[in-house]
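Same chain, two partners: chain A is paired with chain B first, then with chain C.
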Partner chain A sequence: MKKAYVPMLVVTALMFAVAPVLIARAPFETTMGLIQKIFYFHVPAAMLLFGSAFVCGISSGIFLFRRTPSADRVATAAAELTVLFGLIVLVTGPIWARKAWGVWWQWDARLTSSLLLWMMFVAYLLVRRYGGPGAEKLAGAMAIFGMANVPFVYVSVNYWRTLHPKTSVVPTLAPEMRGPFWFSVAAFILLYIVLLTARRYLEAQRARVEALHLALED
Partner chain B sequence: MKRFFQVAWVIVRKDFTVEWRSREILYTTLFFAVSCVLVFAFALVREGRPMEDAAAGILWVAIAFAGTLALGRTFERERQSETLRALMLAPADRPAVYVGKLAGILLLLGAVEGLLVPLVGVLFDAPFWARPGWMLALLLTGTLGFASVGTLFAAMLVRARSRDVMLPVLLYPITVPVIIAGVRGTAALIQSTPDEPMARFWVSLLLFFDVVFVTLALWTFEPLMTE
Partner chain C sequence: MKQLLIVIALLLAAPMGAVAAAQPATQDDFVPAGSLPPAETLPAAPMVIAAYGFVWVAVLAYVGFLWRRLQKVEQELRDLERRVAER
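Coming up: the complex of A and B.
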């Protein structure tokens, strides 16, 4: 992973540099016009919001039952990234909604469940930061319960109401839009992996410093 | 298996005895729930008439708020007298301890609901008893869902700093499906023509939620409560 890191970082940077050109070249959507371009950021970020939540939940489970510190580091990094990508989703969504629906926010199924998922991981970070000793276990439980809760939130909120464009719009995209879209998705996934690796490494170094500090005191 | 339920029963009896001597948690939670209803009345009553479906929302939010208070207080008592450690040191299955605690919370919330449901029904003119079977099923599955997650979180937060704030912060996002199901299910039942298929859908969702989260709590209680 260490050897691949720098090339991956370079590729990600290049992809993010090229993406705006591709997005600008993609055709305008007939009804939405320019505002539709937000889609190239919004959807990949939303995919990572959900993906990252599962990464965090699964590594928290491994940490709770196996007590491997490295799993806990992955979980922390993934939780922070869930919140970060969630923030991108929750900022770009309303910008689009203002144009498309005339309001910033609708209590629609997908919006509400994304917001709730995001809040669960904000709660994860809060309990981790302010929970005091043993907080990593509490946070781990929060991640597992949060992950298990995703289908329930989804079903309950769906029955409550629905407005958001269906995910089935992705296969029906115009071919000229499909290229830039999947390019954006790939760029976002790479960015996610780069950030996750960096954050995990940072956390590992922090643990080492702490161990050295303790050794010095003894 | 028999021993498992024996341990759980002993814990329920212990909690009941301790509570019955002072009735502190019962009375304060009851009064708190009634105050919640009062506060909502000011927000949701216009020109003397409650808004449509307000009763369902008020009932479930009051249950959730009162439940959080009761959960916090129950475990605060164990912490103050350092008895949680004794409980954990006892030669008993951890999951049995969880089940005992959960049953105690359910009894307490059941008592609170016994007052709350008629009170909200009378004050907001909501026919909760139009379909008593479905209403009872909603209350039972909803309370179990809320309490199953709440008991685990309250237990593991006992040793944490700022636990009073952390409990609602962790609990509410997770129990949102319970609140939605409870409110929508109740709203379907108190319409002028009760919508039974809708209530059935919400009860089955809650049942599913209960099964998943009770299992998950039993499974994680042991590693979470080990120091």
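Coming up: the complex of A and C.
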């Protein structure tokens, strides 16, 4: 992984440099016009919000049942990234909504449940930071609940009345919009892998510091 | 008892009012785009730039924050390894 890290970082940076050009060339959506271009970063960030919640939940499950420290490190890294990508979703969404719907925020099922999902992972980080001894187990359980919430957030647009577009938007995307969209998704996934690897490495180094502190105390 | 019920009713009504205020007003007729108030004819370009700008700023700020923490831990690790070696 160490060998592949720098090339992956370079490819991610290049993809993020190229993505705006492809997005600018993509056709305008009929009713929303230019503001719909937010879609190309908003949706990939939302996909990673969901994906990262799963990574955190599954890693937490492995940690809780098998007591594997490396799984706990992945869970901590993924929780932080869930908060980062969630923040991107919760900021870009309302900017788009202000122009498309005329309001910044609507207390509907999708928006409210997304906010709650994000808050769950903020709570995870707060528990890890200030929870004291045993906080990692409590936080792990919270992550599993957070992960379980993801499918409900995803399907909420299909079951409740909401201004938010339904889940059918991405599968039925026009061919000219498909290319830039999946390119952005790939760029975001690479960015996620790069950040997750770095953040997990930080946790591993912290564990080494802790072990050395203990060795010095003995 | 009656006063208590009034207080409870008022407390329950307050958030409902806030939620109702957050909903967009219903529109029964067509309004020509030219006669919309300035707030309703927001230009899209600054908003798209703001959204994309936020994504870049958030990611770069996170990378900077991560880098700073990593440098701090690496420094601490070097100090501790030196101290362990000196013992």
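Convention: the second predicted complex is superposed on the first by the 205 of 218 C-alpha atoms of A that agree within 3 Å, B and C clash if a C-alpha of one lies under 4 Å from a C-alpha of the other, contacts with A are read in each partner's own complex, and residues count from 1 in each chain.
Note that in this section contacts are C-beta pairs under 8 Å (C-beta built on N, C-alpha and C of every residue); 3 or more make two chains touch, one makes a residue touch a chain.
Given the structure is predicted, the values throughout are model-derived calculations rather than measurements.
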Next on the checklist: Looking at A:65, would you say it contacts chain B, chain C, both, or neither? Reply first, second, both or neither.
Outcome noted: first
Checklist outcome for this item: Larger residue footprint on chain A, choosing between chain B and chain C, goes to C
Item to check | Touched partner set for A:149, first chain B, second chain C, both or neither | outcome: first
Next on the checklist: Quick check for you: in the superposed arrangement, does A:95 touch first (chain B), second (chain C), both or neither?
Outcome noted: second
Next on the checklist: Applying the document's definition of touch, where does A:159 land relative to chain B and chain C: first, second, both, or neither?
Outcome noted: first
Next on the checklist: According to the stated criteria, A:132 is in contact with first (chain B), second (chain C), both, or neither; which is it?
Outcome noted: first
Checklist entry - Which holds for A:141: it touches chain B only (first), chain C only (second), both, or neither? => result first
Checklist entry - Where on chain A do chain B and chain C both make contact? => result none
Checklist entry - Touching chain C in the complex: which residues of chain A? => result 20, 33-35, 37-38, 41-42, 45, 84, 87-88, 91-92, 95-96, 98-99, 101-103, 105-107, 191, 195, 198-199, 201-202, 205-206, 208-209, 212-213, 215-216
Next on the checklist: Touching residues of chain B toward chain A in the complex: what are they?
Outcome noted: 149, 152-153, 156-157, 159-162, 166, 169-170, 173-174, 176-177, 180-181, 184, 201, 205, 208-209, 212-213, 216, 220, 223-224, 227
Checklist entry - Contact residues on chain C for chain A in the complex? => result 19, 22-24, 40, 42, 44-45, 47-48, 50-52, 54-55, 58-59, 62-63, 66, 69-70, 73-74, 76-77, 80-81, 83-84, 87
Item to check | Parts of chain A lying in touch with chain B, wherever the complex brings them together | outcome: 64-65, 116, 119-120, 123, 126-127, 130-135, 137-138, 141-142, 144-146, 148-149, 152-153, 155-157, 159-160
